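I've put the structures underneath this note.
In what comes next, subunit A is part of two complexes: it sits with subunit B in the first one and with subunit C in the second one.
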Partner chain A sequence: MKKIKLKDFKKALSKWGEVYIRTRDGFLKEGRLSSKKSKKSPKEFLLPREEVLLAIHKKGADTEVLEAHPSKKKVVMGALPCDMKGLELTTKNFLNSPEDPYYKKRVENTLFVSEMCQYPSSSCFCTSFDYGPSSKMGDITYFRLNDDNVLCEPISEKGKKALLWEQYPDAGEKDLEIMEKMLRETAKRLQKLNISYDFSRAREVYASSELKDAVFSCLNCGACTYVCPTCYCFDIRDIERKDFVLRERVWDSCMFFVYSLEASGHNPRKNRSKRAENRFMHKFFYQPLQYKEFGCTGCGRCVDVCPAGYDIRETIRSIQSFMEGKNG
Partner chain B sequence: MAEYINPYYPQKSKILNTYFESQDRSLKTFDIKPIESKVPEFIPGQFCEVSIGGYGESPFGIATSPTEKDFLRFTVNKAGFLTSKLHELSKGSYVGIRGPLGNGYPLDRFKGNNIVIVGGGFAFTTLRSLLVFMLHNRNDFKDITVLYGARTPDLFLYKDELKEWEKRDDVDLVLTIDKPYEGWNKKVGLVPPVLEEMSPSPVESYAVVCGPPIMIKFTLPVLFKLGFKPDRIYTSLEKRMKCGIGKCGRCNVGHKYICKDGPVFSFEELNKLPEDL
Partner chain C sequence: MEKVKEELKRLLQEGEIKGVLGFVPSSSPQKNRVFYTENPDDVSRFTVSLFNTPNLTTYLFRFKDKGKIALFLRPCEQRALNVLISEGKIKREDVFVIGVPCQGAVDPFRLEEQVDAEINSVEVKDDKILVNNAISVYIKEVMPYSCRVCEDVEEDVDIKIDGEDKRPSHEEYSKIEDFDKKTPSEKWAFFKETFERCTRCYACREVCPMCYCEQCFVDSYDPLWVEPGLSLQDIMSYHLIKMYHMAGRCTNCGACERACPENIPLSLLTSMLAHRLKRDFGYISGKNGTQKVFLGEYHYEDKGDFIK
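On to the complex of A and B.
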């Protein structure tokens, strides 16, 4: 690992692209690098809240369709392991066949510089999954040694090429010791949930009253889907301008009634609880069945923002005991 | 390097012809041809996203058979924002088409078997595709039985073709309407009891059932009673869709996406998935 002054690190990264740092609210161009996780995850760098896919130019009865090509280079600095894990999961959705060209372009144009986490909050439970606060993720990873210095190293080829690594001094043994110690302490402060689900029982769990009871307090406001690093549902809508139409992709939420409302008036998830149940099932049964990995990173943001005090960890526990109870 | 394909890019297509299927003008058929590319290869049961700039996109089952290569046919029920606008369009208008999307019927499995098609209302679109395909490759299949039900005689799709198929002796076509209707001298009765009366043999047979959920719900027990196993009964599902390529999230049934893993599923597959339709 290399030891670099935070100021110099940021400056060097800005040569690759525009640097966005983790602040309390989100990843912004201006602001102070926060110590805790941000309110919003950095998923919008790959899946913006609003994104033009196509421009449809009207020429009388005829039309011409032009594609958008996102090209701005950006550096996401200070993404925590949970943020990176979230992006890994959304990437599975967007880059499995057929590849999403817009998402792919944004992956190519973004450099992810992750920070090993030292300040987990009470809502965090990342170690319940197969990674943790000291996981080295993204293109470059760093550890904040103190306010002025970071210990960092490249991970991907992109990360190796992004900086002139040989110009920086190697981290001293003492610094590395401090890092190891701090990361060990952090891991201890995190709560680890026991999640051993039998995914083949998805049908049974979805129909169970245990799940219905567990999500009862959900108001369907959608705040959790907004801050969740793995929620990627989107809508495609047409915006009319004078001579052309923009076909945009916008964030959507499975919590909303209209999300699954059909033109006939039928809605497979017309009940409040059905929508909340589907969200839980998607993260804890359907994604594991699809990608052999949970669709939750344990970042705890949904717990932080829920106005009704719904805590997904309670649902995880209820379903765990449902599984165990039924197993004998 | 593989050719760059943007799965969201609609192929510019021209409406060659339109016809109203029913006198109430709720069902309109469109024959559409891409103008910058060939009519794409597809399998019966697949669908396309048809779009109009400013009105969005909607998925419609392809009603033409792969053996009819001149255009793609879609029959559209006027129900929402896009379909209302589509109904306003006539011959010569342009629309966008993405597809074919989805899996389609398992033709390889169907080959060499008796096929029982059970359709209801305007869900007959991809069933027409399948039927025309099978009639074109008639020797690949054994007996073909079709039961098609509608609320009134007016609501049958493709009436001229139905007349022709009724005359053929290599397909057994039964049409039924829900209630007696003046001038209708064919079957009267809901699809499930009529099917029970017909009692097609389950031996070396596959059943394909498409129609409103209520019809499917009451048709399944009849098929089971006749001896059809869940892995030999197929259906085509519908849900609200947007992207059509398994990305946007909304059309899932359990861990399967109707747009990508379906729309065609066997009941054996559906029995393993959560009930979410």
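On to the complex of A and C.
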């Protein structure tokens, strides 16, 4: 690992692209690097809240189709392991065959510089999954040694090429020891949940009263789905402008009534609790079944943002005891 | 509170009520969790505090024709119930109202913003909240504006929790009157500054007992009333059209503002509705369950000077 002054590190990264740093409110061009997780995950760098996919230009009787290709190079600095884990999961969805060309282009144009986490909060439970605060993720990873210095190293090829690594001094033994110690202490402060689910029992869980009771308080607003690092649902709409029709991709949320409304007028998840149950099932059963990984990273943002005081960890526990009860 | 809990337990055991809807402590001390139970043994878990965020009448729609449900309601929330009764949406006999003495309701997200630290404990001390045994915050500072201008209700409760009603001092809508004095461009500047943060998560809609439409106008594709993006035009279209639908119905309970993760002062809009309703028509929405719906009646002496 190399030891670099935070100021120099940021400056060097700005040569690759525009640097967005982690602030309390989100990843912004201005502001100070926060010592908390951000309220919003950085998923919008790969899947923007709204994005024009193509424009149809009306020229008299003719039309011209203009495809939008995102081309701006951006550096996402200070994404925490939970943020990176979330992006890993959404990437599995978008770059699986068939590849999403818009998403792919954004992946190519973004340099992810992750920060090993020293900021556990009471809503965090990342160590319940197969990674933790010391996981080295993204293109480059760093550890914030103090206010002025970071220890960092490249991970991907892109990360190796992004900086002239040889010019920086290697981190000293002492600095590395401090890092190990701090990261161990962070891990200790994190809540670890026991999640050993038998995915083949998905139907049984979905039909259970335990799940229904656990999600009762959910109001079905979209707040959690918007801050979640792994929620990637979107809607495509055609928007009319004077000489254009814009085909836009916008975020959608499985919490909304219209999300599952079918053209016939039938809505399979008309019932509010069914929508909340489905979200849990998707993260903890369907996604593991399809991608062999949980669709939750334990970042705890949904707990922080919920206006009804709903805590997904209570549902996780309740389903765990349902699993054990029925087995035993 | 203990006497009320004993009574609720008895009512559940004897089958006089089907279930109880209320709040239990959650993992975040600044916001309690909504909880429903039909089990008499669970009644002891309920808590009544400043940190009960949503308006529970919203949840009543889930229990339509399911029997009598008991729920904890503050005065403004009792007024919301009254509106729903006069709109024919809820039957009074299906509800067992537990009156809650009120001293306002805390906006959990505003409290977080004020203390700028993780909240591990909260304690109410007179007119202040002590956070993490260290930071003291005035309750008034972390309440929606609606709590400062709340109106009385003609009480119609089935049981009442003992305790002093310590609602914050009445400010007679001074903030609204000040807002009225602003020029249109100043008003727009205010909207731009405060509403730009909206992510359109619709927490304000979902938490609102008056938003019971099966399909909301913003969710309509054809016609497309409001585009799905985040331009200020779309955001304001959503909020202002929602306010049109609230006129004469909203009881200014402030649940929308407390639910907003972005700390948008939504209750300024709802307070404006309440202010106009009172000033121009002497009407207080949901004052009782028998008065007619505001837009459902007229009087010869009503001001008609807006029709030219």
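Some points to look at:
Note that the second predicted complex is superposed on the first by the 323 of 328 C-alpha atoms of A that agree within 3 Å, B and C clash if a C-alpha of one lies under 4 Å from a C-alpha of the other, contacts with A are read in each partner's own complex, and residues count from 1 in each chain.
As a working rule, a residue touches a chain if its C-beta (ideal position, glycine included) is under 8 Å from a C-beta of that chain, and two chains touch if they have at least 3 such contacts.
The structure presented is a predicted model; accordingly, all values stated were derived computationally and were not measured.
On the superposed subunit A, the two partners subunit B and subunit C both fit, without a clash. Once the two complexes are overlaid on the shared chain, A:Tyr206 sits against subunit B while remaining clear of subunit C. Touch criterion met: A:Ala308 reaches subunit C, while subunit B stays clear of it.
Once the two complexes are laid over each other on the shared chain, residue contacts for A:Glu67 go to subunit B alone; subunit C is not touched. Judged by the touch definition given at the top, the superposed model places A:Arg237 against both subunit B and subunit C. For the combined model, the angle formed at the CA centre of subunit A by lines to the CA centres of subunit B and subunit C equals 90 degrees after rounding to the nearest 10. More residues of subunit A are touched by B (comparison of subunit B with subunit C). Look at A:Glu177: by the touch rule set out above, it reaches neither subunit B nor subunit C. When the two structures are aligned on the shared chain, A:Ala223 is found in touch with subunit C, with no touch to subunit B. Touch criterion met: A:Phe256 reaches subunit C, while subunit B stays clear of it. Between subunit B and subunit C, the smallest C-alpha to C-alpha distance in the superposed model amounts to 5 Å.
The interface of subunit A with subunit B overlaps its interface with subunit C at residues 235, 237, 261. Here subunit A touches subunit C in the complex through residues 39, 49-50, 121-123, 216-217, 219-223, 225-227, 235, 237, 239, 248, 250, 253, 256-258, 261, 272-273, 303-311, 313-314, going by the rule given at the top. Within the complex formed with subunit A, the residues of subunit C that make contact are 23, 26-28, 31-36, 53-54, 58, 62, 108, 118, 120, 199-203, 205-207, 214-216, 219, 221, 224, 227-230, 258-261.
Here subunit A touches subunit B in the complex through residues 53-54, 56, 58, 61-63, 65, 67, 93-94, 96, 98-102, 200, 202-203, 205-207, 232-238, 240, 244-245, 247, 252, 254, 259-264, 266, 268-269, 274, 278, 281-282, 285-287, 289-290, going by the rule given at the top. Across the complex, subunit A is touched by residues 4-10, 12, 53-58, 79-80, 83, 92-94, 96, 213, 238-240, 242-243, 245-250, 252, 254-255, 272-277 of subunit B.
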